[in-house]
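Each in structure tokens, the structures are laid out below.
In the two complexes that follow, subunit A is the common piece, with subunit B as its partner first and subunit C second.
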Partner chain A sequence: MPVTSVNPQTWWTIFRISLEERLVYRADFALGTLMRFIPIVTQVLLWQAIFEALKGDDVAGYQYNDIVAYYLLVLIGRAFSSMPNLSEGIAQQIRDGQIKKFLIQPIDLIGFLLITRVAHKIVYYGIAIGPFALVFYLCRGFFSGWPDTVTLAGYATSLVLAFLLGFFLEAFIGLIGFWFLEVSSLLFVYMLINYFLSGHMFPLAMLPEPWASIAQAIPLQYLAYFPTQVFLGKIQGEMLTWGLTIQLAWVICFAILCRIAMHYGVRRYSAFGG
Partner chain B sequence: MSESPPSYTRVLAVLARNSFVRDMNFRGNFLIEVITAMFWMTMMVSFYLLIFQFANEIGEDTGWTKYRFFIFLATTMIINGLMQAFVLPNAAEFSELIRLGNLDFALVKPIDTQFLISFQRVNWSGYANIGCGIALMIYSLIHLSHVPSWLEMSLFVVYVTCGLGILYSLVICLASTSVWMGRNQSLYNFWFYITTFSRYPMEIYRGPLGDPLRLIFTFMIPIMIAINVPAQVMAKGLGEAESKLAVFGLFATMACLAISRWIFGLAISAYRSASS
Partner chain C sequence: MAIIEINGLSKTYSVYHKREGIAASIRGLFHRQYRSVHAVRQIDLQVDEGEFVAFLGPNGAGKTTTLKLLSGVIHPTEGTASVMGYVPWQRQTGYRRQFALVMGQKNQLWWDLPAQESFRLHQQIYQIERAAFEKTLDELVELLNLQGLLGQPVRELSLGERMKMELVAALLHSPKVLFLDEPTIGLDVVAQHNVQGFLRHYQQQRNITIMLTSHYMKDVVALCRRVVIITEGRIMYDGSLSGIIDQFGGHKLLTLQFSDEAPVDLKNFGKLVEVQSPRAKLRVDRSSVANVLGQILSKYNLVDVSVEEPPLEEVIAEVFASVNGMHEAELNKQQVLRNAGD
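Showing the complex of A and B:
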């Protein structure tokens, strides 16, 4: 049944329950967020060492401060676009038969997962904002100041789209479970490629051809690299509008792919278990 | 009735064989894990190849030029592969044994509990990392035109073993806390993040942020020694300062093992069965 046909009150209740459920793990969230900054320390020192022995003036247009700011901003991008346990959760529900409750109840699976994920992220941001604010305050010297309003608006939009793209992309991988049941290996390969080509590991501007063109052509850069470039002011004006449009197109593309996978997946699904 | 002590070597061989049979039951999964390890190595090497397009070495006058640094990377892969093969799957299992009360079965067996808990499962796909590491090391040594002497190779093996001992001790200490905490998922994340400091040459830890970190992770929690010393033996040889560090590494390994043994003993004596 489509999402829109369900009473908004139902979705509000699901959202509220998910919020309360996620708040149970608030201490784990706060600790996890602080730990995520540990690798940044080594990244800062590694890049400091690299810049000490630099052959030229910069690394693919990045100065040392830009690189550190880049890694810090990538963490924000990843906080929006990463979807822990989404694909595994969907595949698990297909495998053990739990998914059949969504086939007989008037609740849409993808809509339900989206609402619970929004709740999860809101709780996460609410708690993680403390550690994030502290680290960004300590590292404020690496930034050249606040960007202008247009850039900030573009950045906020790109983060929301990164969240939606991350959600639909990983939900689609989970829905492949209708055909393969076990998607953990596929997911692991995806995570590795994602780490490399989303800009999590290094700024994609460092890539030589043809890898740079490949990275530009696939949607992974919109999960972390693109929003970060927007904040750093490296994508502006028409390029920003164009970039956001492509990002939105990828979101719509994967949302449609999810619907198609759900539609055909349910048709071939056989429910086992009591 | 007196019983002869168990042969630990035979027990280890049996546990390894059982794990191998188990892994071979899931050959597809095993193959994917091997491919993933190779893929990961390719990604790491690609990343540093990109870096070396822009810089001559990692840190000014550190001596960590391209192929020397690849030897460091290879050493990291070998040690991480050994940890993944022998230690990490068992440490993750230890927490579940405590939570479900299944530790009782290990305690009543006539063999040292720490040995059984530490080595009951061998993850053979971890060897893929070791293989990749060795391949990368040979490739780097060929490019450096350096044939390591028997002494260097022997010292490398000794210090890889020491590195394993240090990292194993850290894992055992963290896993032991499961007895008091019930479950410690965050602490395993903590292990992953804290060992990040060991994965880079210690020369990069300089300045107001780097110096204290180098001192803490060399002398208090000596994880920096785990990879740095064997990598230096193979890539650069041991100078006077490095030799002192290497000697310290031997004592640090023994101290870490002794401390982890003591903490494991404390944990076992605090254990209360959770089963009915």
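Showing the complex of A and C:
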């Protein structure tokens, strides 16, 4: 495998340039952020009806307020872990040959994509922070105050790891494009499973067996469910340390899988395509 | 000393052979038929430092495949190659810092940003020192007349301007070897001319080694003294431009100016190309030029006569066509054999 440049200045330049590039699309980001809140309104209304029918009973330990807080926090988790257009982008580059650039120039594809994605996210947060702050302020009644510092630190760590996990997971799916060229159906299946098992649709605690055990065993819960549970104070102490360790292990696992896919993918590409 | 050395280089692709129709597509899901495509076959080639070599050939002849092999994007089925002492497909950083590949149909610049930003990125990727970077950039910008365009988003540039920017990006790290794959494709005559002029000047000044593929004979005539003709993945010719005519131009053009009307029986002497009485153009086999001219001179009164080589493009087109003809004949033969076997 070729040795590639690891000069911090290089990565900084890539970061700065992709930041500028992303700013070109700021209006698109602002609109996208607003749209994110629309599905949640229907979910909240649905749960309102359910809890009215239950007359004071909880669902798997959740009261109405907890559920609304949960959905709002899941949105934050997803803002870190979702990677719009990452898989398709990689597969597209493989298909149309743009990937050659990374074989010719002394630069590493995965490192490059990671840096540009960090820049992408930072621009996104810069724009999304306004609407997010507004919605959370309006919905402050659903939360029972700020969590303590340890919990907040754990939450911040879990979000960063959720970002990295989301990145390597979707980059891995994109790199499968070296073998299949078209990854959109694969991505569709992934998104569907992700929607259920990352806790995007409902808290995973509500899942019946064997689904609850499956959700626990696979990495998807770390994309949204786990950080949210940390913020809500449902995971603390040793459990928190343990959870973060497993989350980190998944990140490393998928980072390695990406490297392997890249290594064999490039070999296959240079044998067959080009 | 040879800077590029290729020995017995071959590249065979295995491509899925899809038959027509839905039924065949469904069968293809279970049982796939593959067909071998020999893109490059047993190529030997030496290029010396400072040479400007043109690769000519019809579409699918193996030109681009050869450049991809030399850039390390693909690895060969057989054979060896060394460029500046490196094996290209090992993709060592040392090698990647010293060459560039420009493809006329692909772009490397960031579409939504000014070219300047992409250049800065290249400065970092290739670890070019600031002073050297600025000097090279100024020089390239001046040579290519790009002043004032560096700050404009790439998507707003014309095709010609974009191609020039691509060249700047490729040359910023002062590569010793440059591969150009149809750098003037789609450009108008003026832009083509500018790019040619720039390449000629730059190559002479820096004495870098360039391999170029192009469909425009004008590029080749303007830039390259050495021409390699490649068809069906094999090298058919390697030598000077004028040598192509000696080797493949089987005829000459006689232009005859008669004192009276041009005679009607001229076609007995060769192939009539054009008659504008009293002038006529005749295509005659190289070996019988003296004989034919003697006969005409003894029979008619001539005011003027000239003997010319056929145009280069025509000769090259004939070389390509003859290979295609052979290929088609081969395919037909295979078809007949297959039918006989069925």
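FYI, the second predicted complex is superposed on the first by the 262 of 274 C-alpha atoms of A that agree within 3 Å, B and C clash if a C-alpha of one lies under 4 Å from a C-alpha of the other, contacts with A are read in each partner's own complex, and residues count from 1 in each chain.
Basically, contacts are C-beta pairs under 8 Å (C-beta built on N, C-alpha and C of every residue); 3 or more make two chains touch, one makes a residue touch a chain.
A quick note: this is a predicted structure, and the numbers were derived from the prediction, not measured.
By the touch criterion defined above, A:I104 reaches subunit C but does not reach subunit B. After overlaying the two complexes on the shared chain, residue contacts for A:K55 are found with subunit B alone; subunit C is out of touch.
Once chain A of one complex is fitted onto chain A of the other, the partner contacts of A:V24 are limited to subunit C, with no touch recorded for subunit B.
Of the two partner chains, neither subunit B nor subunit C is touched by A:G237.
Applying the stated contact rule after C-alpha superposition, one finds that A:V44 touches subunit B and leaves subunit C untouched.
Those residues of subunit A lying in contact with subunit C across their complex are 2-5, 7, 9-10, 13-14, 17, 20-21, 24, 97-98, 100-101, 103-107, 269-274.
By the touch criterion given at the top, residues 28, 31-32, 35-36, 38-39, 41-42, 44-46, 48-56, 59-60, 185, 188-189, 192, 195-196, 201-202, 206-208 of subunit A touch subunit B in their complex. Residues of subunit B touching subunit A in their complex: 28-29, 32, 36, 39-40, 43, 46-47, 50-51, 53-60, 62, 185-186, 189-190, 193-194, 196-197, 199-200, 203-207, 209-210, 213. Of all residues in subunit C, only 13-14, 65, 68, 71-75, 89-93, 96-97, 100-101, 106, 108, 110, 112-113, 117-118, 120-127 touch subunit A in the complex they form.
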